[in-house]
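What follows is one structure encoded as structure tokens, with my remarks underneath.
Each chain gets a letter, A, B, C, D and E, in the order it is written, and its residues are counted from 1.
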Amino acid sequence: MSDLILPAILLSSLLPGLIIFTLPEQQVTLRTALNLAGALFKLMLVALLFVRVAERQYAELRLPLLPDIELVLRADALSLLFLTLSALLWLLTTIYAIGYLEGSPNRSRFFGFFSLCVSATTGIALSGDLVTFVIFYEMLTISTYPLVVHRGTPKALAAGRIYLAYTICGGLVLFFATVWLRSIAGPLDFSPGGVVADLDPALYGSLAIIFALLMLSLGVKAALVPLHIWLPSAMVAPAPVSALLHAVAVVKAGAFGIIRVVHDIYGLDFSAAQNLLFPLALLAAFTIIYGSIRALSQNDLKRRLAFSTVSQVSYILLGVAMATPLGTIGGLVHLVHQGLMKITLFFCAGNLAETLGIHKVDEMDGVGRRMPWTMAAFTVGALGMIGLPPLAGFISKWYLGLGSLAAGQPWIILVLIASTLLNAAYFLPVVHRIWFIEPRQDWPSSSLRGGRETTWALLAPPLMTALLVILLGILAGSVGSALYWVELIAAREYGL
Amino acid sequence: MSATVSTAMLLLVPVFPLLLIGALTVTRVRHMALAMCPLAPLPGLVLALFPAANVSVAMPWLLVGSHWGMDHTGQIFLLLTALLWLAAGIYARSYTRNSPQRLRFWIFFLLCMSGNLGLTLALDMISFYLFFTLMSFAAYGLIIHDNTPFALRAGRIYLWLVILGEVLLFAALLPAARAADSLLLRDVAATLANAEGMNLILALLLVALGIKMGAVPLHFWLPLAHPAAPIPASAVLSGAMIKAGLLGLLRLFPLGFATLPGWSATLLSLGLLMAFFGVLMGLLQKQPKTLLAYSSISQIGFPLMAIGLGLAAPQQWPLLAPVVGFYALHHGLAKGALFLGVGMTGHLNSPGLMRHVTLAGLMLPALALAGAPFTSGALAKAGLKPFLMLSPLLDESLLTLLLGGAAVGTTLLMGRLLLILWSPARAAVKAATSGMWGGWSLLLLAVVLVSSYPGVLTSSAAGADLKWIDALWPVAGGAIITLLGWYSTRKRGAHLGAKDLDVLLDALLRRLANLAAALKLPPPPRLPRGARWQNLPLLLLLQDSEQQLRQLSVAGVMFILLLLALLLL
Amino acid sequence: MTTPLLYAGGGILLFSIGLHALLIRRHLLRKILAINIMGSGVFMVFIAIGARGTDAVGDPVTQVMVLTGIVVSLCFTAVAIALTIRMHNLTNCTTFATDEESSLD
Amino acid sequence: MEPALIFDLILLLTLISLAWLLLASTDLFRAVVLFIAFGLLLALAWVRLGAPDVALAEAAIGAGISGALLLIGLGQLGSSERDRCPVRPLTFLQHLSAPVLIGVIIPSVTVILLLELRQLQVVTSGQQGLVQNLLSISGSDHPVTAVLLNFRAWDTLLEKGVLLLALITIWSLDQARPRFENTDIPPLLSGFGQLLLPLLILFAGVLLWQGGYVPGGAFQAGALLTAAMLLATLSGYALPSRWTGVALRLVLVAGFLVFLAVAAITLLLRGEPLHYPQRLAGGLILLIEIVATLSVAAILSAALAGGHPVTNLPPAATPTTKIEDKS
Amino acid sequence: MTELFLHQQWLIWLTLLPLGAAVAAFLAPQQARWIGLATALLLPVCALAGILSVTLTHADPITAGGWPTPLGIELRRDGLALVMLAVTALVGFIISCYALGYFPVHDRHYDKVRYFWPLWLFLWGSCNALFVSGDLFNLYVTLELVTLSSVALIALEGGKQALAAALRYLFIGLLGSLSYLLGVGLLYGSYATVDIALLGEMISATRLNHAAMALMVAGLVLKSALFPLHFWLPQAHTMAPAPVSAALSALVVKAAYVILLRLWFEVFPALDTFAVGHLLGLLGSIAIVWGSLMALRQERLKLLIAYSTVAQIGYLYLVFPLAQPETMAAAWTGGVLLMMTHACGKSAMFMVAGTIHHTAGSDRLSRLAGAGGPVGVLAVVFTLAATTIIGLPPSGGFFAKWIFINAALVTGQWWYLPIILSGTLLAAAYIARVLGWAFLDVKRSSYPVIPWVMKWPPLVLSVIALLFGLIAYEPIQIALIGAPVHGSIMVEMTP
């Protein structure tokens, strides 16, 4: 009975979304109320579930789809990690989007798809087997497209095309690999230790190919080089979408999928024994470096952030590919940390664009004086990305480093170092511009009451996430932090 | 102090400045907070002066498990840091009174202070790293505060080296933590000697911390950054922050745990090199603050040598450690006083009492640095002397001679400094205000007090009696040479001001920037409209076939062919 | 015994002739005729099959099927003619020419 | 060789050559006439194959009504093969397809089918035995009627549906063609018609009635009635416009509707559609037949008229005004 | 009461009711709309009742007239009939609602309204009759009924192209059904029965039977528009009014396919159909690629959707080669699932196209610009319905493809994999093209008001199409009632 909380969590965003579709454009109040109510309700449910799972009461719900295929919703510690992140950020992003899109057209459509997108993400988090995962994964693809092209400009449409081309191809390969795997391994429930270890060794060849296919397909959303092209071009979307896309929804879905596949389908022991993870680690390392280098030369702020995402998401994969407890902790905790940091950055970028019309890095001179709070949040996000203590990014990096040593792959530390340097190289000049360079012209002064730099709906979300970035770093050792939770997961995973 | 109070004080040391920053952001209390800013290091000062026994606090919830506390080393460093920041703060309150970017300055000042103070209390590596980083990055804000091209360039170079230092430190801490299986710095130091890849770790540490200390050849940021900052900031940069590297070495190197002759020799020679290099380069400068910065490089060579000696003889380390601490204290205070003094030179060219007081105020720390008798400098050097025999590299007498030579050099440097400060060109410097006087005199007082605090030596140097004459000759010699030099060049005027490695770095960075620009790939060429995929030849062909197929006769052939195939199959 | 088979064969031939004409004759009325011939061929096969027995009367079931078939085919003929006439009224065409020619785009 | 076989052979050859001729002839009018002849000869073949019911139907419908429809159509279209619409030159594939069709594949299909047909020599008894056994409880003495309206009545029900549907389709396409002007009718025909009309109706009644035990039945009777209607129309009789409304439609649908109602009632009461109670079977079949005859006649007549009755119902813009999307 | 309810033959009512309603609508043209609506409301209820009664009692067939086979005509109550009837009821209901808006009563469309309803109800009833029929000759009659009503509905548009398409469709339909009928005749010649179940028991692998099979398969292939015999479909489906297009694509092409499915799994197993299956699979594969490529080329929305149907039919024909002994049940289920979900999705798409045509005056893709905006529901409907066409989860199309791929893997017919995958990609490409236009932001000055019945019912259908995968379990369980195949759906490979 209590397992009904799982579909309830899904529906808490799906239903408002569907209702919102039907609302006429002018029903602002009702739409806003629905959005916020859904987000809050979901957060509440997630909190309930969180408590339960923390007490090791895992919820599970099975719904037969076809004979022999089930839709499995399950909440384990890993799901909760992702779920909490998405629920929390959804609330913030919703608030932000309400402020951001004030007065723009097609809002019902936007918020409808927005809710669908979050429902899909929630579904991904709650998937209990690979089939369910694939279902929600593809749902995400589709529900994100209208958001990417929301502006309806030819440029947005072109980006949408690229996005669709990549994700659909990726989805197709994923689909195929899943069917193949299902046909040789039977039910694909996520379970610690994986489901393929007991198979006939004659199938190991196929399993390796399937593994490669799975990584390849999930790598599209996770923006592994060279499958990342869609991500920088998708930044034409409105800022809340970019924020969600980069922080929780799309790229994270890919990374989360890779975690699931490596941990709960193939199992760490098996994948490590079959040398499946080393290529993944190499690819992730390459992506980290490549993304950062490309970010260096971007003048468009959101593009720079997008390439930064390309780089940062691979931290997660790198952690997973180490196949050591510490590496896993590093990777998983970065899932949360990167999300918070990147969403902060995108919120801030959105604020700049919305309030001052700034899109380019070289237009940001001295903007810290006009929008000190926004830019403070931006700075926190940027420094966190570099991995400076006590911000959240450092915690991830620290564990990744420890993990690489434990895995006997110290070269990964070099990657981390190089990435840190590069991150610094593309973020610090921006931070410098914000605070230390004289503005070229006077910014239009605020028309808001009390000279506030921008509306509360736009300001509060980045501040909240920036605060979280700080808190998750400083309080990493406390109960309830992302790190704490991730350590629980790792303990489960490795039977510690 | 009771344990609870001292624990609270301990926590307050790094947190209080941060709380003040918080207050600064609130418009309503900003004014009050500004007034309180100079007092931010007070908890640290109190804690350092009235230490409770073994005050420490473990905070597993903080970061990945933090441990703060105060030991002997920490106490000395805390004392130094708190004093310097307090003095600089008082000084800065006047100094920045009319600056338009006052708020920004104080925010960075407080941030940096928090990092620097916290650093002395951090007993685990993550907290250490945290405060190290906080301090380093916040200092950037201080360095480029003036927004001059010179400051910006200095800031950029500083930032690069900070980041480099950060990542190297990170890379060193990781294997160290793994080897120790603990985050406590104590454990790390104890196990480091047996750690896998010990040499690599030590090298990384040396480089990472050496950057902060201005170790040659990664020193070049220092003569740029310290002068670029506003005077109070320079004082803390050169007096306190430079010691962070030293503190790191003290905390992390396996001092007292292992005999590492190779590393001992390395540090020793590095220390010597720095001592002379700093002097030589310093003599070539004409900016007082630059000169002082080079002097810092030179001075920091001595504790480095002491650490080298400690690595040669772990059993002697308990005796040597206070010497290093004292040296740091002495240098920090003296250097701080000198830097602050640079801002007071407006009085040097005005007649009257103020002129003499200022001159005396400048002379005091200068002499202390040079190691003149009855100064803290002499005490420090005397403390070091008994351990020179431990050197694995050169024999004792030669070392003594070299140290003497360095002292001569330092004297020369100080002499030149005074000459520069006295020069008519500096007459334009504004007269100092009362707050500046307050800060400066606080430091001068501290210098005097430290000089009369030989306890540090009697406890450590095991009865080595002080021979003031040993301290006298280099100072006297240096003073004479200075006067001669001044006399011979006063007509021509010295056109000095040497370039350093930063020029090379600039070239390198330009290359990197070009590389990054080259990587920006050109956008893919857009296909002309006619060549869009809807009009691909294949599709056109298909369309044509479809048109054919639509004719009943052709379709009929297909039908019958299918029927035929089905019949035959 | 062979008679019904003979007719069955004839039915197949009629089917083929009709099929041939349906496909290559262009006039719609001719196509309608062709379809009718084809139908007659099929019906002939049915009746022939029903007539193989020794009884004088054939299998009533096939006969009923053919009766049904004849009516259906009449209906189609009627509709086809009506459509043809309507099309002719609109376009003056009695072939699919315009239809084949006109691109669907 | 038996004479009967020779007759069959000749009949068959005639049929085939007629078919070939009528499809190959250049003159459409000739083709239609040949088609009617083909239908009549086909009826003969049906008789030869022991299927007099089919023969009657073929003569009445295949030759008669179809012929009439074709002739009317021909009258509308003109008998020339050529028309005024642009003829596109044949494409290469079309050029190729005709010879290929003729030369290779249709003959091969035919030959294969003919070869396979030999297996039909093995006589499997049809269902006539079964039908005979159950004839007594079918409600009809004539096996064909029994199968048509009882054993496979479901088919017949749907077939009546096809008929009605065809009419609705025709009505949906166009309105009825204007009637012949009275002045054009030759007096002879008019007089002949007046004579023939009652006879035809009478004969139709007989045909319907005897369907119960010998060949004949609703369709054949309906076809005859249609002929009567046609004749009446030719003689200048027009349905008064007050009858062309719901009354006409009622007659048109009555056959199907009654059949449907029977199916519904039996389904409701007996769980299977058209599962007549044995006592009522005969009566029901007769009822269905009578109503069906009327409806068939009405439908066929209406189909010959070529469209829905001209009414003065509201807007009724003719479909010709439909603007095609030219873009 | 329960007894009466459960033992009522709801499935037959599903045939009789719409036919009766068609007659009523013809009789009373002024009330045709309301008669149609009432029927549309009633039939889903009947379908539901039918499902209940069959699952709760038994699935044995009955015979029309109560005569035992071979004399009587068998009427099926099995799963295939049930799901097809249910889907038809659902889609039909939505189409009816849509048609209320599409054929408004007040204007020049009066003629169309007047005849649309009887014709549409005829089509509905005849489809239902087809789905329950278990008798080869009866199937012929129902097929003709379906064809004729489709022809009439296509011609309803009234334009010359529509007339030509209707006429062509009529010829094709006749050609197909005559070919089929000839095959039936040959089978009757050997076994003196046209009952599917009886034939299945008696039939043996003779050349004559093979010829009969060839004729029947060829006829049905023609009627269900498999490549290269799809030539008539794009025109027919495009020229028809939108509700009719929806019905044609959703139901009518499936009618012939259902017959083929019944024959293949119940009558033909005794024959040597290995090569035939592969031929059909080959044609299906070409159809997938060809249809999708052609869809890519189209500039008109309805044509694009019609070509998409061509491609989807190709998938349906993959069932035959994939139905190897171990994957028999899998392939069959996949086919049925795809039929159901495609019916929902495709009809929703055609309705969107119709609405675009209705509001923008043309269904050219460029007219879609801005459709995502003021009439945003259209974009949503199209997107949702498209998921099943592409085969994205959780639509039924996704699971159907899953089953096909699985079957191909298990039976080692790997060459179907690239076909299925590329078909999916191409589908995504042509759908993306439409979406690209739909989301292009163009300021249109005025849009006519779209009646709500044209907006929301398609949305329902598209949501069902989208979520069909999630609710497919019960429909598939129902479909498997009395199915001719047994075994696991998700077959696992043995190394």
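Just so it is clear, a contact is a pair of C-beta atoms (placed from the backbone, for glycine too) under 8 Å apart; a residue touches a chain by one contact, two chains touch by 3 or more.
Bear in mind the structure is a predicted one, so any value in this text is a computation, not a measurement.
Visitor: Of the chains shown, whose Cα mean is nearest the mean of all protein Cα atoms?
Guide: Of all chains shown, the one whose C-alpha centroid lies nearest the global centroid is A.
Visitor: Can you tell me which chain lies farthest from chain A, using the average of the Cα atoms as each chain's centre?
Guide: D
Visitor: Counting C-beta pairs in contact, which two chains come out on top?
Guide: Greatest number of C-beta pairs in contact occurs for C-D.
Visitor: Farthest chain from chain E, going by mean C-alpha coordinates, please.
Guide: With centres defined by C-alpha atoms, farthest from chain E sits B.
Visitor: Please report how many Å separate the Cα centroid of chain A from that of chain D, as a whole number.
Guide: 70
Visitor: If you average the Cα atoms of chain C and of chain D to get two centres, how far apart are those centres in Å?
Guide: 12
Visitor: Centroid from C-alpha atoms only, then distance chain D to chain E, rounded to Å. What do you get?
Guide: A distance of 30 Å separates the two centres.
Visitor: Just the number, please: Cα centre separation of chain B and chain C in whole Å.
Guide: Chain centres of chain B and chain C, defined by C-alpha means, are spaced 100 Å apart.
Visitor: Going by the touch rule set out above, which residues of chain D reach two or more other chains?
Guide: Chain D, residues with two or more chain partners: 97-98, 101, 106, 109, 112-113, 117, 120, 125-127, 131, 151-152, 155, 159, 162, 165-166, 169, 173.
Visitor: Mind pulling the residue numbers of chain C that touch at least two other chains?
Guide: 8, 15, 19, 22-24, 49, 52, 59, 61-62, 65, 68, 72-73, 75-76, 79, 83-84, 86, 90-91, 96, 98, 100
Visitor: Considering chain E alone, which of its residues make contact with at least two other chains?
Guide: Within chain E, residues 71, 137, 141, 144, 148, 151-152, 155, 159-161, 168, 171, 175, 186, 188-189, 192, 210-211, 215, 235 contact more than one other chain.
Visitor: Going by the touch definition at the top, which pairs of chains touch each other?
Guide: So the chains that touch one another pair up as A-B, A-E, B-C, B-D, B-E, C-D, C-E, D-E.
Visitor: Name, in rising order, each residue of chain A that touches chain E in their complex.
Guide: 18, 21-22, 63-69, 71, 105-106, 108-109, 112, 134-139, 141-142, 145-146, 149-154, 156-157, 160-161, 164-165, 168-169, 171-172, 175-176, 179-180, 182-184, 186, 199-200, 202-203
Visitor: Spell out the part of chain D that touches chain E in their complex, as residue ranges.
Guide: Residues of chain D touching chain E: 112-113, 116-117, 119-120, 122, 124-127, 130-131, 134, 150-155, 158-159, 161-162, 164-166, 168-169, 171-173, 246, 249-250, 253, 256-257, 260, 263-264, 267-268, 270-276, 313-317, 319, 321-322, 324-325, 327.
Visitor: Can you check the complex and tell me which residues of chain E touch chain D?
Guide: Where chain E meets chain D, its residues are 7-9, 12-13, 16, 19-20, 23, 26-28, 62-67, 70-73, 75, 107-108, 110-111, 114-115, 118-119, 122, 125-126, 129, 137-138, 141-142, 144-145, 148-149, 151-152, 155-161, 186, 188-193, 206-208, 210-211, 215, 361-362, 364.
Visitor: List the residues on chain D that touch chain C in their complex, please.
Guide: 4-5, 8-9, 12, 15-16, 19-20, 22-24, 28, 31-32, 35, 38, 42, 45-46, 48-51, 53-54, 57-58, 61-62, 65-66, 69-70, 72-74, 76-77, 81, 83-88, 97-98, 101-102, 106-107, 109-110, 113-114, 117-118, 120-121, 123, 125-128, 131, 143-144, 146-148, 151-152, 155-156, 159, 162-163, 165-166, 169-170, 173-174, 219, 303, 306-307, 320
Visitor: State the interface residues of chain A toward chain B in the complex, per the touch definition above.
Guide: Touching chain B from chain A are residues 293-294, 296-298, 383, 386-390, 394-395, 397-398, 401-402, 404-406, 410, 413, 416-417, 420-421, 424, 428, 432, 435-436, 438, 473-479, 483.
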